[in-house]
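All chains are identified by letter, namely A, B, C, D and E, in their written order; residue positions are counted from 1 within each chain.
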Amino acid sequence: MIVHFPFLSAILSVTLLGALIIIVLPENKHFLMKVTAGVTGFISLVLSLALFVLYDRSLGGFQFVEQIAWLPRLGITYQVGIDGIGLAMLLLTGIVILTGVLISSHEFKAGGLLGATGRPKEFYALLLVLVAGVFGVFMSLDLFFFFLFYELAVLPMYLLIGIWGTGKKEYSAMKLTLYLLLGSAFILIGILALYFSSGLRTFDWLVLRSVAFPAHFQNIVFPVIFVGFGILAGLWPFHTWSPDGHASAPSAVSMLHAGVLMKLGAFGIIRVALELFPIGAKFWCPILVFLPIVNIVYGALSAMSQKDLKYVIAYSSVSHMGIVLLGICSLNALGLNGAVFQMFSHGVMTALFFALVGCIYGRTHTRILNEMGGLAKLAPFLAVAFTVGGLASLGLPGTSGFVAEFLVFLGAFKAYPALTVIAATGIVITAIYVLRVVQKIFFASLNPNYIPEADACTMKDQFTHEHLEEVSDSGHKGFPISVSDAVLLEKIPIVMLMGILILFGIWPSLIINVINIGVSSIVQTIGGSL
Amino acid sequence: MIDMYLLYFLMIFAAVSAVGVVTFRNIFHGAICLGAMLLGIAGIYLIMGAEFVFAVQVLVYVGGILTLILFAIMLTSKIADRSILQANEQKTVSFLISAITLFVLIYAIVKTPFTTVQGPFIVVDTARIGKSLFLNNILPFEVISILLLAALVGAIVLARKDIKK
Amino acid sequence: MFELTATVLLCPLAAFVLITFFTGKSEKISSLVSMVAMAVSLLSSLLIFALILSAPGDYELKIPWINILKDLPIEMGVLLNPVSSVMLMVVCTVSLFVQIYSVGYMHNDEGYSKYYSFISLFSFSMLGLVIANNLLQLYIFWELVGLCSYLLIGHWYHKPDAANAAKKAFVVTRFGDFGLLIAVIFLACKTGTFNFLEIERVIGSGILSPAAVTAVALLIFCGAAGKSAQFPLHIWLPDAMEGPTPISALIHAATMVAAGVYLVIRTYFIFDLSGTALSVIAIIGCSTAFMAGSIAIVQDDIKKVLAYSTISQLGYMMLALGVHGYTAGYFHLITHATFKALLFLGAGSVIHSLHTNNIWEMGRLFKNMKVTAVTFLIGGLALSGVYPTSGFFSKDAILIQTLESGHYVLFAVAFLTAGFTAFYMARVFFVVFLSKEKFSGKHPHESPAVMYVPLILLATLAVGLGFFSEGFSRLIFFGKINEPEHAVLIPLLSNLSAIGAIVLAWAIYQKELISAAALEQRFAFVHKFLKNKYYIDEMYVFCVKNILFVVSNAAGWFDRHIVDGAVNGAFYLTSSAAGALRKLQTGMVQNYAVGIFGGVILLWFFMNMMK
Amino acid sequence: MIDFSLLKIELLLCGLIAILFILDLLFTNKKPLHIVAIAGTFITFAAALFFRDTGTTFVGSFISDDLSIFFKILFLLNAFLVILLSGDFLKKNPLYTGEYFILLLSATLGMVLMASSSELITFYISLELMSISSYILSAYQKSNPRSGEAGLKYLLLGAMASGMLLFGISLLYGAAGTLHYAEIAGVISAHAASPILYLAVVIILAAMSFKIAVVPFHMWVPDVYEGAPTPVVAFFSVGTKIAGFAVLMRLFMTAFVGLKAEWGILMAAISAITIIAGNLLAIPQTNIKRFLGYSSIAQAGYVLIGLAMATVAGLSATMFYLVAYLFSNLAGFAVIIIVSGKIEGDKIDDYKGLWKRSPILAVCLLISFMSLGGVPPLVGFFGKLYLFTSAVENGYVWLVAIGVLMSVVSIYYYLIVLKRVYIDPPLDTSPIRASIWENTALGICVAGTLIFGILPILFFDSVVSSVQTFLK
Amino acid sequence: MIAIQELLIFNSVIFAIGIYGALTRRNTIGILMSIELIFNSACLNFIVFGKYLYPSLLSGDIFVLFIITVAAAEVAVALALLLCIYRNSKNIFIEKISLMRG
């Protein structure tokens, strides 16, 4: 059956193999673990890139399909394949995992954020398992495996946040896990309904897509699946897991979570809800579109009122995911392209943000905005990177954020003009809070709590070693903390993410051409069901 | 006719004794009532022609189980002796539950049409029982031997005073 | 010709990239790269202008950017016509002069290379904006110049005021941009294109209802008002003076703030269809001019005076556009670019030598800084519209146009504002350059040549440009050529009033014949009102504090306590239900037995119920 | 004639009991008894896997078909695993080692016979054989007052339930005039159902609900699970439940199949309440055994969904889920037995930092709990999936909705425990080691959970076909 | 001959009394005795049905024999267990035997 190199399975098996190797490695070989994780991330990125290059744009549709019968009696097949949308997501995942691993490998150093907790073995193993799940979702063409990978992606989160998190991590981890499982419960019900009402007893997505489900059935099931996936995509009012979860998670996990995992929700809506229930989508989207609008505006307003840096970013994710969902609800080519592109762009952007937040938090030992200030002097690189991220976040042209938001608004305006105007106010509010954050952290006069690293060396003579340790544990106790700029291990991933933001901001066609192949078939499905 | 009156008498006797079992403050009196009720039921068996069952009832139940119970009462007599409160606080609930149960049962019994066989009760031949036991019901008969063995072993294990090592 | 355009555009971009990634360490090379690039751009733009001049018309180049829909192509492109080619020259010229000037001004600054890289980026963005052939591209570069403005205002980011001003500038203009974005999307959806020429064609066919046209026009004006600091979105511009002075000259006087006017000019075919929109523009422009002019009178900060003056002049341009003075407005844009850049650079020269912005800490600088003083004077006269400076031609064209179009009230106000203009400029000039010395312990000196040569060149332009006004009006027009009436009365009157105002200022500030303090006392209320800038900032602060922050805090609270509260409530409910159920598990066998026997009864009843 | 070929497993078990009995009498060294018991159970288990004779004997009161063989395999596997895990308990309670095995095996014999009985007397006696043995085993740890209390509670409530069962059977006898399942079915299909028949069905269902421990007949479970010795709890948490389901399946799908509509809705209602209450009650628990007791109540609720559907899909889902339950639950219990053997405590807090003390045990516990919670790709997920599909197929969407929602709750409480295991720091860092037997048992359980999760195909088809032949 | 219903109702009464006793007796032995009432009512049910409805069948009688045997075994185990508990705690009141709850 398979005539080509099984790229997709290779990606999956590479990540799982990486996890396995890390588990097998002896407890104290931390460096080897990091290298393994990094190499795994790199290989998966390279494979995704290869797919991106090799994907035949003129042919379109699903390519690199692999198929192995699994449980024929129940119509379960291991079937993977990739279309334009999946391809973009695959690429995103590859980027985020590689950068996430790099960022966290620095944090595991002594004195780093994760240094105190340690246990890199479990961390990387879980991270890679999670990523395998994510990859799996993006490439599954069988709803059963789709769901399976989905769960695989969600569950390691509990431990990743619970063990390596900060703050009220256990509460957050629990809330997140339960919420997402609740979502997957909805999804499961929806998938089962699909399975039965088709009368075909198959989970094969390609087969199910060709089934014309009766309108009333679609109208019942569509909202169930939409909400189910919407929970993971941060749909208002089911989003509250996300601020707490992101705030508590370690950087790499936040990166993966906000960067990739939340996209699973939006991806699921497109793949399952939209493509299988075009009539339901037509009926429900004009009603459900209010929720994304609330997401955008309310998320941005909430972000503005936050005092904790991570909460700001988390709420901005809620707001930005609202843009994705708005694009999806617009049900036209522009909106959907914009939505997928926004998924990609927001994924990279938020990964950048969380990476930076990790870097900043690792230096300042606080995430409270009012306790920072003027850090641009000590860490200019971080300041530049954060500003670039912020600009992408507020949709500045030249960054991919603009293209995505513009396309979404353009598409949404065609469908819901008045609502889109309301939604677009979100970009103004976003500008306000993003610039406020940038200013509070980096600009204005330097907070006296922080001093350049060079000065810290002289300080060491004045304070005993114990004193310094005390400082790094409990934040400021009256005497300053030395703050340095990013080191190479941090710079590489950050530059990578920044570069991608700008590259796709200037040359969006690079990826939109691919996305559009996937989107146009969806638009056909929706249009054809009139 | 006499059978009928006797049956009525035994029924009333057994019912009153049953009430005694569950109400007497002195558990010993309760046990005596149980014996009376068992005998009353045994009498009903006899009248209805179930002679072998009657015999087993008297031998095993009255002779065995009741004796065991009395024995246990004696062993734990220090508490049982005193006529302290023998019923707990959920009397009302319990009464309600048993009353509703009774109502449900009577309702079901009255609503069910029975096509009864007319004529006097047929006395069951013990030999038939034996045959039936060893032909049709040999499996439970064998299994119950294991059950008794298990119960025996278990009773010994539980009742025996352990020798501290 | 498009190759030249590419040169114009890409040189600054290349400079930006080079400086950012390669030459950041070496300040000299950085500034050199930037200036060479700008000079090449200037040359190319001159050539383009020459080519356009030889054959006026629209030259368009389209490059596909994003292909999603066939019926809504998203493109990048170039539209060369007289309007854009003139603007190209202006931008390149001012930018080059400012860059040269900055070599002296920013000398020894910590962020020297950063400064030059941003200024190159700005030039690139501004040029991209100018040549845009479609609304989307214009919007993109529109935002980019905003970004550069943000970055350059915040050049000294460690000063809290600068950081705040940068943020304020970006956010306030973003409010306007919001309107522009909606307009772009609206037009794209209705006309199926972003392209100016095509939109013009489609709209000309009457596809849009008059109401829709007015709405679109006003939305576009929203964007223009934000960028061109029109009331009520003008508040960011005075604060933006926290940036380095050359930046104020380049971005906040000559080019970027004029982009709003340029936008209206570019989309004038829409405004032209809506009388309402034009009236709104005229009224807002006029009131902005008046308001800002009046505020400028009482400012103590030399840059603030110039900033308010800029707002005021932008108001003039808007007024001109609102009264069909297409050519007049555009011409004023150009002349204003030269003399306002000149004034800012002059002010910068003063600040550079005295390290203060307060005019009351200066005085008698004419003695020490002759070139600066003279060029400043020329700029001031041009701003005041005194013959024969370029300001005279452009401003009077506006006044005449206003009167001719029958807007008498607007004319009156504009005329009064012209008087204000002359007054505050004279006030600044006298206080700074001629009156008594008010600084001590400082030794002001003339700036180096690298700074005053641009001043001289700009002064030349400020004077000389006026004589091109007729040629200009034949080159650039909307609809038909608007032959300027050779009215004599109005120029005369306005010149007289300007001279009167200058004399008044001389009397008050130079000779102190009239006590400024007494006047302040006499008109305490007015003074206070002006001093507080019409309390508009306070109004904004009030709104932001009492509306935006309250709403956002309410949203935050709502999220934590209601939405999340519901989640936690569900959790609480579950656990308390579990706790309640747990109480049933008493440990008493007979309670359990109740469950068993009661359960049977329940089952029985349930079964009968279901039957 | 009696066809002894059908009785191989029963005879082997009897023989094993006899051998143990004799060995127990003959030798004072009780250690070899464990080996003999392990070997004997394994042989019986292997025999159950190997011999698949089908047919009926004992005048139709004993039936050996695919269904009963399937259940017998489960019972013997259960017994085998529990015996493997009993080593530590017997080391600490060395008195009555032989009797322990005898009782355990006689309970197993009772279960095995329950699965095969097709007549009510045999069924009743085997049920009592299982129950009485279980009562005794619950109270086996005589030094521990909780153990005695557990035994007494179990016994009293069990006796009440079996009294009720008898009353129900008597009514059934009155209504049908026979005690053979097949004949009862004939009578029911021939005549209109009378009120006492309905009553009989309800009472029998209630009495069996006590055995499988569903709400509101579940209340003995937590107390007994907490008090009884852990291996014993493991034994009857799986065995008794599966036996109860085996009987319910045979009795209701043959004898009462004509009243499907009535008891179907009853079971659905019971399962809904059970899923809700069981899952909720597990949340506030602090004792791990009690906790698992509640979780097993909830699991029984899920299993009942399949039975309530009374279709091929439903029954095969039930059977599949029972396998899933066996492996996952025993894996959990195996970990608990090993851990409590070391730390002498059953508090959930005692599991703090287990990850540090024994990563393997921690991972096994994770797999077990996630499987019980229904997380793919573990066997419990497939079990739930089949159950839910069968329910959706029959239109019980509300039931599935409850089931799915409450499985989210179940994940919550499993995570509470796993949080202790993985996140909290250990109170004591000494590593926990298990004996070879314990490791074997744990390995089998975890392997089952994983392998049948990834490849449910391995036995799912045979389950479906056995149900199909059963229903024919 | 009296009607079958009368006898059945009598059995039901005994059954109900048994339930009442099982639910209310504090003394564990009392509970056991009440359970015996329940067993007896079931036994008598078998005999009554056998005699009135199926005089030719013996299943009822046989079942009763088994029930009595099982009851005996059960009581034996119960009392042994009770003795064991009594020995440990000198108590046979059921509500005192409730270490575990919740």
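Methods note: a residue touches a chain if its C-beta (ideal position, glycine included) is under 8 Å from a C-beta of that chain, and two chains touch if they have at least 3 such contacts.
All values reported here derive from a predicted model rather than from experimental measurement.
> Which contact partners do chain D and chain E have in common?
Shared contacts of chain D and chain E: B, C.
> Count the C-beta contact pairs for A-D and for C-E, then tell me which is higher.
A-D
> Using mean Cα positions, find the chain sitting nearest the overall protein centre.
Of all chains shown, the one whose C-alpha centroid lies nearest the global centroid is A.
> So, what's the distance in Å between the C-alpha centres of chain E and chain B?
Spacing between the chain centres: roughly 6 Å.
> Which integer distance in Å separates the CA centroid of chain C from that of chain D?
78
> Can you check how far apart chain A and chain E are, centre to centre, with Cα atoms defining each centre and the answer in Å?
Distance between chain centres, rounded to whole Å: 65 Å.
> Could you work out how far the Cα centre of chain B sits from that of chain C, in whole Å?
101
> Send over the residues of chain D in touch with two or more other chains.
121, 124-125, 128, 132, 135-136, 139, 142, 151-153, 156, 160, 164, 171, 174, 198-199, 222-223, 284
> Could you say which residues in chain E touch two or more other chains, in rising order?
8, 15, 18-19, 22-24, 31-32, 43, 48, 50, 53, 62, 66, 70, 73-74, 77, 81-82, 84, 94-95, 97-102
> Which residues of chain C are in contact with two or more other chains?
Residues 582, 585, 587-591, 593-594, 597-598, 600, 604 of chain C each touch two or more of the other chains.
> State which pairs of chains touch, listing all of them.
The set of touching chain pairs is A-C, A-D, B-C, B-D, B-E, C-D, C-E, D-E.
> Where on chain D does chain A make contact in their complex?
Touching chain A from chain D are residues 370, 375-377, 381, 385, 388-389, 392-393, 397, 400-401, 404-405, 407-408, 411-412, 415-416, 418-419, 422-423, 456-457, 460-461, 464.
> Quick check: in the complex, which residue numbers of chain E touch chain D?
The contact residues of chain E facing chain D are 8, 15, 18, 22, 28, 31-32, 35, 38-39, 41-43, 45-46, 48-50, 53-54, 57, 59-60, 62-63, 66-67, 70, 73-74, 77-78, 81-82, 84-85, 88-89, 94, 97-102.
> Spell out the residues on chain D that touch chain E in their complex, using ranges where they run on.
Residues of chain D touching chain E: 120-121, 124-125, 128, 132, 135-136, 139, 142, 145-146, 148-153, 155-156, 159-160, 162-164, 166-167, 169-171, 173-174, 177-179, 222-223, 226-227, 284-285, 290.
> Of all residues in chain E, which touch chain B in the complex?
1-10, 12-21, 23-27, 29-30, 32-34, 36-37, 40, 43-44, 47-48, 50-53, 55, 58, 61-62, 64-66, 68-77, 79-84, 86-87, 90-95
> Tell me, which parts of chain D touch chain C in their complex?
152-153, 156-157, 160-161, 164, 198-199, 202-203, 205-206, 209-210, 216-220, 222-223, 262-263, 265-266, 269-270, 277, 280-284, 409
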